[in-house]
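Here it is: the structure, laid out below.
Order as written gives the chain letters A, B, C and D; numbering starts at 1 within each chain.
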Amino acid sequence: MKKNFMLTLMALFVFFTMVLSVSSISAADKEIKIGTFLSITGPASFLGDPELKTLQMYIEEINKKGGVNGNKLALYHYDDGGKSQDATEAVKKLIKKDRVDVILGGTTSGTSIAVIDIVEQEQIPFISMAGSIQIVDPVKKWVFKTPHTDKMAVEKIFEDMKKRGFTKIALISGDGGFDKSGHAQCVALAPKYGITLVSDEFYGNSDTDMTAQLTKIRSADAQAILNFGFGKAPAIVTKNIRQLDIKLPLYQSHGVASKDFLKLAGDAANGIRLPAAPLIVAEQLKDSDLLKKPLLDYKTKYEAKHGEISTFGGHAYDALMIAVKAIEKTKSVDKAKIRDEIEQIKDFPGTAGMFNMSATDHMGLALSSFKMVEVVNGNWKIVE
Amino acid sequence: MLQNIFQFLITGLTVGSTYALIALGFTLIFNVSHVVNFAQGEFVMLGAMAAIFFSGLKMPLFLAIILAIILTTFIGILFEKFAIERAKGASLTSLIIITIGASIFFRGLALVLWGKNTLSFQHFSGENPIRFLGATILPQHLWIISLTAIVVTVLAYFFSKTLFGKAILACSYNNKASKLIGINVNLMLVVSYGISAGIGALAGALIAPISYMSYDAGTMLGLKGFCAAILGGMGNSFGSVLGGLILGVVESMTSGIFSSAYKDAVSFIILLLLLFVRPQGLFGKGVSERV
Amino acid sequence: MNDINILIAKSLIKNFGGVSAISDVSFAIKKGQVFSIIGPNGAGKTTLLNMLTGVYKIDSGTIHFNGAEISKFPPYKISNLGINRTFQNLQIFKNMSVLENVMVGCYNKGTSGLISSLFYLPNVWKEEKQIRQWAIEALDFCGLSSLIKKDAAVLPYGDLKRIEIARSLASDPTLLLLDEPAAGLNDKETMELLPLIKKIRDTGITVGLVEHHMGLVMEVSDAVLVLNFGSKLAEGNPLEIQRNKDVIAAYLGG
Amino acid sequence: MKRRAGFFVFATVLLILPLIFKDSYFLTVTGTTALFNACLAISLNLFMGFSGQVSLCHAAFYGIGAYSNAVFTTTYHFNPWISTIAGLFITGSISFILARPILKLKGHYLAMATLGLGIIIHIFFVQADNITKGPDGISGIPNLMFGKINIKGDATWYYMASLLTIFYTWLSLNLLDSRTGRALKAIHDGETGAQVSGIDTDKLKADVFVLTAMMASLAGSLLAHKEGFISPESFNLQFSVELLTMIVIGGLGSIFGSLFGAVFLTSLPEFLSKFEDFEMLVYGLILIATMIFMPQGLYVGISRFFTGILKKLIKKDE
């Protein structure tokens, strides 16, 4: 017993030593280090996946063209599995082990919010790819983000509802971070638009059937249904609504702005309205629109390599390009300078719209950059 | 209101029958080896993904499903041969960890083969809802319910009337004695893992049109199936089916009548209370230690 | 030897799912006796023992021990009152050493609780030493000193049976119930059991013995109770039992 | 008392590791997480490995501790230590009330019941937005203070985690060598045998359930301050299952096994991340292979492996 014990301790020690020596290999300098942590596995993996592919694709392209200010870009990437604790660990590693110059990422709002304290403390520019308004409101010195906020999505939807004269709506949302945060915005903003929530239902994001909740909604006196969620659940909600023969107009959030959703929901998706980044309707933009060319550029490049685009990959493109632009301008990798330059970004045409950052706005998108789209014959169409 | 309650009931029964079908797979493996197979949900996922893949190759639906079931059955057999059987002398807990490892492995396999996206599958016979007393039901639901009924009947026949089925049951009652009277216990294990995987695959192919499928969707389905099996009394096929139906109805009733945010919590509270009153599930045999 | 009844059982009844296992059995055990319960297979001997020790709940009837009613007590309470037992199929703790097994037997004599054990307060330290001592003594008493350091899992059946006796003795019982101590033992081992039981009795412990081995029973018992199909067939001293016609018929017929 | 010698060696090694590997982020970041997991594994092992019960709600108790500190310090501005005590109290009460009815269950039914309890608590973390802030979690949790000393930074937290691990190991070793510890092991090997030896098994099982739940809660309270941010997915069923895997992979019923399992499974993804999409595949295979080739767990398995090599070497010398 005693002998075994000592041997095991020795084994433990050897194991530790091996582990530690492997982990302390450091990379060559002179590179501009871009750090990123994304949800490559876990429930948000279908968002994290296009994000990573986009970053890899563009960094390769930039490097082929000679890099930024003559220096190559190097990507340091960790998977957080959608877990906030893993995200904070990843960010610590990015800062202290890899010593990156700027951090992009945070696929979900949860993982992004989780690392805010660290990036603020360590003073490193951080551009999130997640939706929640909490990330940039109140403004934090080192934190930026590229997607539209959930608040904007709700405002866009409520504006459209107001235009169509809906005052009583039913809300159904999932139990994830995106869903709950959107739900909170709906509840908070409804009175401002003269809207009453006559029904407020929830489902689990891995549920397979929502007819019970929708049956309840059916007997509430609503004029329209709003579903706040992402992943497969909104597609099931859409199909269940058709199954129950509910004729009310259906609104979805920007969380489903992908071709995948259209594929899943099939014919049932026709007539759905949702706010979306202009990327998915790039072809329909007026030729005079400054966004059209860069959007189509991204679209052709991504689709040539990886298939269907999604707005999520677009958020990664925006984040990377904003960082690159700032670094180009400062001609250094001084973190404080990069941060200042990001805050100065003006008229940058990204996939989500025209970015105009400022000291009070660390997202820089106007509500007008969001497009209200309707599904017509299985495709997106801009609602004028 | 009455009409609503009827719809909740119908919803509960349709969702419940998918739980029941998954629970049956648990029961089968549990019966022979007393192992709770944590990879059962992954069999369901693999079956669905394989069916979607085959039908994507322009195969007729029926053939795609059959091929998916055969493939998953084969995977189940390989799993038994190369993992469970190899772990001779391992305790029950170690075996359960092996099934947990397998569930992660199968998820990883599906991820590599079919990617991270959620995939859809065609409904077997259209999507036009059938109206019945003010409630609606999809043709696919009828497929699920009737095939669950068929599987239960076939299994009941298999275990009570065929020699092979009786031999499997014998292993579950007394492993050593079965060996002594010349039953090939290893073969029985292989067969039950195979059948279990096959039933899982069938469940997956049936559910996929309604709930879609992705590489990580099996875990939650497996969990619900496990709940159903426990609720009915572990090891009892009939109990599993009833457990599944009850679980489905409780879930849909709670989300319809009480609170949809806490529906899973309410279902679990009911399950806990039931176990406090009946520690062996609804139809389980009481366990008594012989001294 | 005196005439005080240490245990009195009255009209005990136990059914299993409608099948009667014990029906209306009454008896008394006198202090300092060796009291044997015999009967053919399935007569309900072990069931009766399980009822006396609280392992089975009794359906009706009463059990008094040292004047107190214990009919509805859980096993641990009965054990703490001074009734200990061994098992026909063994209840050895397989993941422990022989010494630890017997130390578990001393549980009722200790007082340290969960919290004091966690922090190993001085009283735990002292108690540990004492318990170890008691356990070693009990092993010595049963002639098992050589096995102290062995793991229980690797030992032969005969040794395990004696370890169970040692474990029971370690709790200083007033009444020790032995459930078929000779079952599965060879002749030599059985004959070694005889002096041990006598030695136990001589220390003043009352012994209840459930046994098949007639030679052993007749040699060691002061009183014998015969069960058949869950009912009392006869009661008396060994000589009376040997001559009882019903008993002979039951054994030959059974 | 042999165990004591090993314990001191272990404690010393743990505390001097950062002096040998200075500025190792693997040690202070992953290592700290591994030690937190080790604390959970050690406490779970008391309940499962020693007493032979099953629990799939350990992560939930960990979560109650974490949430208690997060909520009380941010919303109500309590002192962190008072919040910790509140967390212990809440966990203690919940586990105490539920211990008796739940522990009446056996085997798979017990697993199901604890799994259900864990899920119910997790749903509360997700859905009770007004208290727990929902899935987005709670941020801005203040630093822990020892009097005037502010506990922050990875290295400091490494030491905190080490001390907690050493403390928990010490408690478990003590318990093992005592009357109560033996009674626990007796329950594991045979409940009837334990009962007739005078052990009130129902009470003891309940006591240990409460104790281990509170140990998890204490670790959770500290975690909240270490992270400064917590959210529900750190305390879900998946994590409970992972803890179970740790103690079985390490070796059920062995304290150092649990430690080993926790360190192994926490650092494994670190090396597997190179496999990218194949990571899960490899991770699953490693779990399966470990159980096939070392059914008794890594602790026993590796010990045997080294003893084997040592024996061969000795033979060669002769």
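The rule is short, and it goes like this: contacts are C-beta pairs under 8 Å (C-beta built on N, C-alpha and C of every residue); 3 or more make two chains touch, one makes a residue touch a chain.
None of these values were measured; they are calculated from a predicted model.
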| item | value |
| --- | --- |
| Chain at the geometric heart of the assembly (C-alpha centres) | D |
| Chain separated most widely from subunit B, comparing mean CA positions | C |
| Approximate Å spacing (C-alpha centroids) for the pair subunit A, subunit C | 71 |
| Computed distance of Cα centres, subunit D from subunit A, in Å | 34 |
| Subunit C and subunit D: spacing of chain centres that average the CA atoms, whole Å | 41 |
| Subunit D residues counted as touching two or more neighbouring chains | 127, 192, 279-280 |
| Sequence positions of subunit B contacting 2 or more other chains | 261, 264, 291 |
| Contacts with 2+ other chains: residues of subunit C | 55, 87, 91 |
| Interface residues, subunit D side, partner subunit C - complex | 171, 174-175, 177-183, 185-186, 188-190, 192-201, 204, 207-208, 211, 253 |
| Subunit A residues touching subunit B - in the complex, by the definition given at the top | 42-43, 45-46, 49, 175, 201-204, 206, 208-209, 211-213, 215-216, 218-219, 231-232, 235-236, 239, 242-245, 260, 263-264, 266 |
| Subunit B-facing residues of subunit D, complex | 101-102, 104-109, 111-113, 116-117, 119-120, 123-124, 127, 191-192, 237, 241, 244-245, 248-249, 252, 277-288, 291-292, 295 |
| Residues of subunit B touching subunit A in the complex | 1, 4, 7-8, 11-12, 14-15, 18, 115-118, 120, 127, 129, 136, 138, 207, 210-212, 214, 216-217, 220-221, 251-253, 255-256, 259-261, 263-264 |
| Subunit A to subunit D touching residues, read off their complex | 1-13, 15-16, 19-20, 22-24, 40-41, 78-79, 82-85, 88-89, 92-93, 96-97, 109-110, 113-114, 116-118, 132, 134, 175-177, 179-181, 184, 202 |
